[in-house]
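Both complexes below contain chain A, partnered by chain B and then by chain C.
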Partner chain A sequence: MRYVKISKENTYKFLEHLKATGALYAPQKISDRFYDFCAISDVHDVEFEYDRTIRPPRRFFHLPDEKMFNFDMTRHELTPVKTQAEHIILFGVHSCDIVGLRIMDAEFLDEQKDSYYETRRKKGIIIGLSCLPDEYCFCNVRRIEFVDAGFDLFFHELPDGFLVRVGTVTGHKLVDPHPELFEEVSADDTKNMELFEEKRSSMFSIYGNWDNLRYFLELRMDHPMYDRESEICLGCGNCTLTCPTCRCYDVKDLPAINQVNGERVRFWDSCQFRSHGLVAGDHNFRATKKDRFFNRYHCKNAYCPETTTSYCVGCGRCTYFCPAEINFKRNLMEIAGYRGAV
Partner chain B sequence: MLITKDNIYDTHKCRLLRKYELTEHESLFLFRFEDPEVAQNWRYLPGQFVELSMLGYGEVPISICSSARRMGFFELCIRNAGRVTDRIHKLQPGDIVGIRGPYGNGFPVDQFHGRDLLCVAAGLGMAPLRSVFLYAIDNRWLFGNITIINTARYGKELLFQKELEAMKDIATAENIAIIQSTTRDPDWPGLKGRATEHMDKANVDPKNCAVAMCGPPAMYRGMFNYLVDAGYDPRYIFVTLERRMKCGVGKCGHCNIGTATSWKYACKDGPVFDYYAIISIPGLI
Partner chain C sequence: MMTIIEECTGDCRPRVGVYALTSCYGCQLKLATVQKIIDISNMVSFESFYMLSSASKMAADVDVAFVEGSVSTERDLEELMEIRKHSRILVALGACSVNGGVQSWAEGEMDHDALHKCVYGDSKLTMQGLQATPISKHVDVDYYLPGCPPEEDEIMYFISAFLIGTFPEPKDYPVCAECRLAGNPCILIERGEPCLGPVIVAGCKARCIGFDVPCVGCRGPVPHETAWFDSLAQTFLRKGMTEKQIRQRMKIFGSHDPNIERMLHSILGGETE
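So, the complex of A and B:
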């Protein structure tokens, strides 16, 4: 892998260059507590030390709602909507969200490629950024705290700038035209990266490896946690909407008022909604709130072969943004008997 | 064989050729592809399903219930149960619908070759199993003895009852046992009781028999107990499941089944599962 260094000051210049090549999105503070990936007009608004964005980066590639087809009911024509994708540069993506995007890729770019997702994803540039965990983070036990794929560039914080890992040819092409901004990595820089990693590792509230979690989940399927916590759950779906790997969607036909034309649209769905498992004849495959609660705990802890991780990347969003303050991490630790600070 | 366009959610136009009322709520629809190239190359396995698109109403997953041998044509047995299927039931011969698929794994009929075949259907379960049964009849030389058990609550709900009845004469000469039974119908003149109660009439050898079943979970549980006790080889016991298969391609998430170590999409990993999948994945039946 190629490594270069960039000073903090030059980083702003680099962001200016990025802005010129496509739509630049980066974390910004949007309220007292919350951050989001926002379109950047002034590069000095970019927030380098943010905890987590309320909306995960998947929304840039799998749109919250999307027109898939136009149709004509009299001529029986279904016409695909051509995806108009602009070049998107996502700066400041944490490792959990990078793995989240790789999980999205695994699902949407398998042998049955979703062309809407694919068109946008191909035009997306991912620039990672190192971070320090808070009490909600548990990416380390998910083996996700340090990524080695899924980014074009990855910025590691140093006291005087960033050590940049160049992950792809696209990454090289971003760095190469600007030799004046980058310098060689020195032994001191590497030492500083080591110290940062050491500091980061020491800040997690729990340690170990949760690969055996899914087995405990199955061996304790009748655990009282499900009853207790699903009782508190509001069924609002915040956990799935903020999740970087949730991808359920529903499709609807919207006929126009002339009863001739119309649109086939898709939009994000949530397994926490009653309608998710509802079929004709009023049968529901996940009829109770507990069924739906249970469903999410198992879905998120299933194994994704493409990333060799669980579908949960340990970003902490589902707990941080839960209005009922249901603690996903604590509940999982309770089932598996893991020790550590909650 | 799946023939997809550049956009996997795009459909092929199909023309309704015939509509035939089977029961009060279910009708049989015969379709043909409009595009000759698709018509000549479209293949499917028994147990696979298609997504049927009614513009302005939406898409529904429907099991294919015809013989896989008749190229370019396929039949769907559809219950009028919801908004989309109600619209489908209003179709007239000559009308156009959109089809994509076939999806799902289907029954592994290759593994069935050289074996006896037992098909057990309850209610609407006869729809996908008709495809298996007709496949076996069309490839008669690949199978040993064949038994089909078709059950429903009431006689008027027995799907393909007349079709199976009409086959009975030739069936005996072909070593095919056709058993039709109702569970709650006092006026039904024929056999009564659940599938397990008629297993003594099956003409198959448990040790060398493939089993294909479709019906409600209670029927599966009863049949599993019976079949394992009777010495049927569990490796050749298959069931097909129904879930909300909205996209058919393992994307939309609505047909998710299973638990953390075995998380499956019914549309992609199923809808056909073998006995060992059923006993190791909680929640399948």
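So, the complex of A and C:
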């Protein structure tokens, strides 16, 4: 792997170059407490020290609302919608979200190729950014606080700039044309990266490895936590819609007024909604709020073979963005008997 | 329940009626001013639609009737009965028709005579007033198209669905979902605003929250008893709202929902007034 260094000042220049390469999105502050990946017009608006975005990066590749094709009911014809082919550059993606995107890839590229997703993902450029955890983070016990794949470039914070890991050929092609912006990594830079890694490791509120969590969840399916917490749950879907790895969607046909044409659309669904488990004959295999609440705990803690991680990446969004303040991490610790600060 | 228009050949444009009970007429104004109103009037025959034609008549024989407004007078009730008799499909159009609207806010707190006196004093009305109620209290309603006023895309979806011979599928998820996808910050989490987004049915694309205004609930509760007023009341209490504020907020547009008082009772206890 190639390593280079860039100063903070040159980083802004580099961001200008990225803007010329495609549509650049990076974290921005959108309110007192929240951030989002926003289209960048002024590179100085990029927020390098953000906690988590309210919308997950998967939305750039698996659109929240997407027209799939137009249809003609008299001629029995479909006209596929051509997916746009502009480069999408995501700058400032934390390691949890990079693994989140790899989990999306597992579903939409490896398991069942989805042309809509694939076209966009191929045009995607992912630039990672190191971060320090807050009390909501638990990526460390998910074994993904340091990623070794899934990014084109990864920026590690240094006192005077960034140490950049170049992860792919695309990453090389971004760095190579601008030798004036980058310099060689010195021994001091490496030492500073080591210190940053140490600092990050020391800041987590819990330690250990949660690989055995899914077994405890299966062994304690009747745990009283589910009753207690699902009572508080609003069933609003915030936890799943902000999640970087939720992949459920629904499909709907929208007829046009002329009785001839129409379009098929798909949009993000949530297992927290009643109709998610609704099937023919008005049967519902997740009929109660508790059933739906329970489902998310088990789905998120199942094992993704492609990434060899759990589907939950420990980003903390489902807790941070829960209006009812339900604490996912604490509830999981309660079931598995893990110790540590909540 | 699933009434649809059967396939037909030749000149058989579906007959449509648009009626108003006690309301602001905003819903039929919305329907009359959708971008594709000309396309709609080519595809259907408006037998009655006062906002479009004074040649309209009350309770024409129609395939689909859209009824806005709440039943707030004896005359409303009589007209609604006639409309139902003359319509194959009845759609409740807008907040007043679907849930009673703001005019039924005081439901349960004052009887109608006291309410009338409070507003009009001793003056006489030419009709007998009633406690404002949603139309489903009096007749069978086939479909509900909520909103204050309803959204253009949903109006188009309903009419298009009827035209191709299927039925419109109602949304059963809350405003929160559309709000997150719209990229708004959550003002309930961040500032403790009394936002009803978690219990109100989606469709508005979280318009008010997009303007930094908390959801007041005009579209009514999420259907199928999945509006969790009890959980939201707990959240509101934690954010510092009083019991009275919570109760009043939820009842502005939802006073006829039997679940509100039942669920609030489990969290707040009985009504104090």
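What we mean here is this: the second predicted complex is superposed on the first by the 341 of 342 C-alpha atoms of A that agree within 3 Å, B and C clash if a C-alpha of one lies under 4 Å from a C-alpha of the other, contacts with A are read in each partner's own complex, and residues count from 1 in each chain.
Just so we're on the same page, a contact is a pair of C-beta atoms (placed from the backbone, for glycine too) under 8 Å apart; a residue touches a chain by one contact, two chains touch by 3 or more.
All of these numbers come straight from a predicted model, not from anything done at the bench.
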item	value
Superposition on chain A - do chain B and chain C clash or fit	fit
Contacts of A:Arg274 with chain B and chain C, given as first, second, both or neither	second
First, second, both or neither for A:Pro255, with chain B first and chain C second	both
First (chain B), second (chain C), both or neither touched by A:Asn295	first
Touched partner set for A:Gln84, first chain B, second chain C, both or neither	neither
First (chain B), second (chain C), both or neither touched by A:Met221	first
First, second, both or neither for A:Asp32, with chain B first and chain C second	second
Which superposed partner A:Met73 touches (first chain B, second chain C, both, neither)	both
Computed vertex angle (chain A) for partners chain B and chain C, CA, steps of 10°	70
Touching partner for A:Leu241 - first (chain B), second (chain C), both, neither	second
First (chain B), second (chain C), both or neither touched by A:Glu231	second
Chain C versus chain B - closest C-alpha approach in the superposed model, Å	7
Where chain A meets both chain C and chain B, residue numbers	73, 252, 255, 259, 262
Of all residues in chain A, those that touch chain B in their complex	68-69, 71-73, 76, 78, 80, 107-108, 110, 112-115, 213-215, 217-218, 221, 247-253, 255, 259, 262, 266, 269, 271, 276-281, 285, 295, 297-299, 301-303
Residues of chain A touching chain C in the complex	30-34, 36, 54-55, 59, 64-65, 73, 231-238, 241-242, 252, 254-259, 262, 268, 270, 273-275, 289, 321-325
Residues of chain B touching chain A in the complex	4-11, 13, 53, 55-60, 81-85, 96-98, 243-244, 246-247, 249-254, 256, 258-263, 282
Chain A-touching residues of chain C, taken from the complex the two chains share	36, 39-40, 43, 156-157, 159-161, 163-164, 166, 169, 172-174, 176-177, 180-181, 183, 185-186, 188-191, 197-199, 224, 226, 228, 230-232, 234-235, 238
